[in-house]
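In what follows, subunit A forms one complex with subunit B and a second complex with subunit C.
Now for the complex of A and B:
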């Protein structure tokens, strides 16, 4: 092990560089005293972070994305949870086709969904394009992901746990609150995070369905034409990277603190 | 119908799942304070019947009364019953104390009182000091105790147990049988116990209902079921039973004479209509093996030993007799007289039993 590194070890290192190299360059350039993201590095600066904070339209688009992302993750998970429970727990007539229909957005190109939604919203619903329409599009996109995560958690859930709760005097609602929800909690947290990331990251639907307010990806795309704005973008990217890393760590700690068992069907 | 001492009264209950009739027109009562078992092989309807008592299933026809109250439309959470599930259904996100105290939230008692009851329950099932354990840290036997405590702490009128010992290994199961029986005597609550294990039912129960294909075949105390089965199916389900088919050929003194075909005439205490098809049932331990032709005052069948198995306290023999499809089971205690048995596989023997040892079954 300490002698000649094996071929597999070198391959693993190369693979990690391939995966994370470009991402890691971003914080480096964000601290580089140059307008252009190129080598050689010229010197340390925090001016890009200052210009990022001064860029009110960028901060506003970030806020828009956060608001849409949070609303979408909560809504999609709230819709996904009852559906996932129904599909995993009961043998529903037509359960298969229903599941298929709900999973369909996974395989439809988002450009197709975006065009279709745009046509529906403008032609049939006569709604103004806004962050609301972006959010609605994102919910549609997120539900299959939410369902996949939740169903894998609820799979193998011992039905007698809920019966035991009923038997011990709780009604259907309190059984959901005291048994089903706590056991599904890790899945719910995963679903919230996943949906948030999908919405936060999504460009095509947001680009088609947004009105005057931009989400962050749409804003960044519009700024790519101006290279002198790029360093502010790199600073923002680095800040988001740090933020999401903290979020994932926090969620993981929360999950470990909460439910000890790995799976609901463990006992 | 509802006798005064019946805590549970089942009246004409039928349960159908689509085209399948799981429980078929059952009526009987369960006495207050008894240990009652529903015994039958899988698919006989025993679990469905138990789930109708718990309120998880509604009868298609008929009615269930618990302590005189009709249970139609009463959901599980409003019934004076609690259940120990086959899988135990211990809540994995709660510790032992929280599991046991789960049902006390709606009991209308103070926190202190609830805490005291949980402590008492922990002591009752010998789990004092385990209260803070997480559910996944418990062994199979401990989970079983938690499930028991969780149900008993609610002070139900009837405790329902769905094969609670099935998941335990043999030694632990026997230990738990004894504890369960003692526990039932201590708390004095009516236990309704579902099992497919006839030995378990015999050990634990005051009375047993033997079920088959959605019907109750016989309800009796363990000794009565073993000694006086009312039909061939019960006879064969409880323990091992040799069954000889034949026709009533006549009577001799207080005995019926059965024409058992190639096995010859067999006699048994009892009577039957001449010419009617009957079964003569006799337990393996009532049979004797001899190598010499016995006296004429007992039933005797000649055959060849096809297998001998040693069971420690006894030997078990299988004897093939001409004109009888199934090998005859003979069980002999290994006391000093018979331990050095001269019988060998392939040896010709006589199987004998007195006229009073068998039972005459009409179906």
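Now for the complex of A and C:
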């Protein structure tokens, strides 16, 4: 194994630097004692983080994002779980096309989803834009992810466990509660975490569909225009990056937990 | 003697299945199907000041293609339209997305190949490192490039403090190339894993057979690996191309006046100029053009047959 590293290995390292490099500048500059994101670095400071925490409109939009994210992740997972059970445990006529339709939000540009929702909400339902309308858009966006995570978990364990429970006299509901749910739990938690991240980080739909209340990405976007707000923006951005990275790692580790899936790295 | 199990009262499979599916289907109908229908209907109405005139009209579609005798020339191409901005931005968005997609696939494929055929230890670590950017804020990944390429950005100030340049390079940010680099970077995380999965699925004995029958490594790659991984790679390419055509964040943050795309115009029509019906027509036309291009492409490369083969 020891020897000259292969060209592909060097390429892979370069690829990782390209992937992480630009994003890593954000935490670097956020700790730099300067109001500009420029080299050479001046010195270490945490004052940008302190001023960020003192910013009430930021805290307010953070609260909004947390509320929407939690509500969306619970709703999308609660909708996704029975659907994933249906598509993995029942022989359904038209199951393929149904699953295909559920994956559509992955390939429709989010601006189209945003303007379509805007059209029906404002011109047909005559409703006010609010965090509720943002949440509705985010649930749609989360369904394909929640479905894929849950279906791969449900396919990862033996159906005969559920059959055994039914044969031993449990009804469908108790089988679900006592067998399916505990076995699917890592997938459920992973779906909750991933849907939360999607909603928490989503910008375009929130930007089009929010009323007077900002979510965190919408607030962040409004700050990007002001050069003098840059350090605070960098601190906020770094905090968001760190938080989502931790959640992703947790979700991925849960997803791998005990899944005997033959499809490593499958979405 | 064993008593036979009591016959369970059971719903037929399809009914039980669809009952379980119904919440998801209802949500999809309410948040996707109905809004798209609404968008379609809206595109046949017209905006009169602050009000919407609900009489059926094709005026919005006509506005998008209305010819004019004085063509506007963009990049040497004449656009003979009375409202040329839509056609110009449409073409520009398609070209920019296409270039970004080609770069993304060209960069992601070797990485996926490395992961599938070379990595033996710490594979899970590599996969998780490739997964994290996939999930983290798109907005921040795009914004990062503003810090890299900006007038007072990392490249300019870095080169300046190293004494390589004297004045900041102004051409880095706010142009179509900056948009394409940023798009490529922002979406590359979505492609490595699908390509990796399609490479991982390849039966290794096929590769051995090719070698045993005398193929060189390059020839083997060209004749076995590449064709068998093509369906996954094409799917990954579409997963980048389709959403990026309508991207709004990247052109807004790093595009400047020269790097605008069709998503920028759509946002203006809906939120600034308040001409939602025209914006709706634009969205419908954009989706139709994308769907047409994708269908044509899949037909041209024989995608259905390809999938059949690599199954």
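Keep in mind that, in the parts below, the second predicted complex is superposed on the first by the 229 of 267 C-alpha atoms of A that agree within 3 Å, B and C clash if a C-alpha of one lies under 4 Å from a C-alpha of the other, contacts with A are read in each partner's own complex, and residues count from 1 in each chain.
Simple rule for what comes next: a residue touches a chain if its C-beta (ideal position, glycine included) is under 8 Å from a C-beta of that chain, and two chains touch if they have at least 3 such contacts.
None of the values given here were measured: they were computed from a predicted structure.
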Determine, under the contact definition given at the top, whether A:208 touches first (subunit B), second (subunit C), both, or neither. second
Contacts for A:86 in the overlay, against subunit B (first) and subunit C (second): which applies, first, second, both or neither? second
After lining up the shared chain so the two structures overlap, which partner does A:110 touch, if you call subunit B first and subunit C second: first, second, both or neither? second
With both complexes superposed on chain A, which partner does A:170 reach: first (subunit B), second (subunit C), both or neither? first
A:53 in the overlay: touching subunit B, subunit C, both, or neither? Say first, second, both or neither. neither
Could you say whether A:11 touches subunit B, subunit C, both of them, or neither, answering first, second, both or neither? second
On the superposed three-chain arrangement, identify whether subunit B or subunit C touches more subunit A residues. C
Tell me the contact category for A:129 with respect to subunit B and subunit C: first, second, both or neither. neither
One more residue to check, A:66. First (subunit B), second (subunit C), both or neither? neither
Contacts for A:29 in the overlay, against subunit B (first) and subunit C (second): which applies, first, second, both or neither? second
Overlap of the subunit B and subunit C interfaces on subunit A comprises residues 166-167, 264, 266-267
Subunit C residues touching subunit A in their complex are 5, 8, 13-14, 16-18, 20-21, 23-25, 27-28, 30-32, 34-36, 38-39, 41-42, 52, 107, 110-111, 113-115, 118, 123-124, 126-133, 135-141, 143-148, 150, 152-154, 157-158, 160-161, 185, 188-189, 193-194, 196-197, 200, 238-239, 242-249, 253, 263, 266-267, 270-271, 276, 279-280, 283, 286-287
Subunit B contact footprint on subunit A (complex, rising order): 158, 160-161, 163-171, 178-179, 182-183, 258-261, 264, 266-267
Would you tell me which residues of subunit B are touching subunit A in their complex? 54-56, 75-78, 81-83, 85-93, 102-103, 105-107, 134-136, 143, 150-151, 154
Across the complex, what residues on subunit A touch subunit C? 6, 8-9, 11-12, 15-16, 18-20, 22-23, 25-26, 29, 36-40, 78-80, 82-83, 85-87, 89-93, 95, 98, 101-102, 104-113, 115-120, 122-124, 136-137, 139-140, 143, 147, 166-167, 194, 197-198, 201, 203-204, 208, 217, 220-221, 224, 234, 237, 240-241, 244-245, 247-249, 252, 256, 263-267
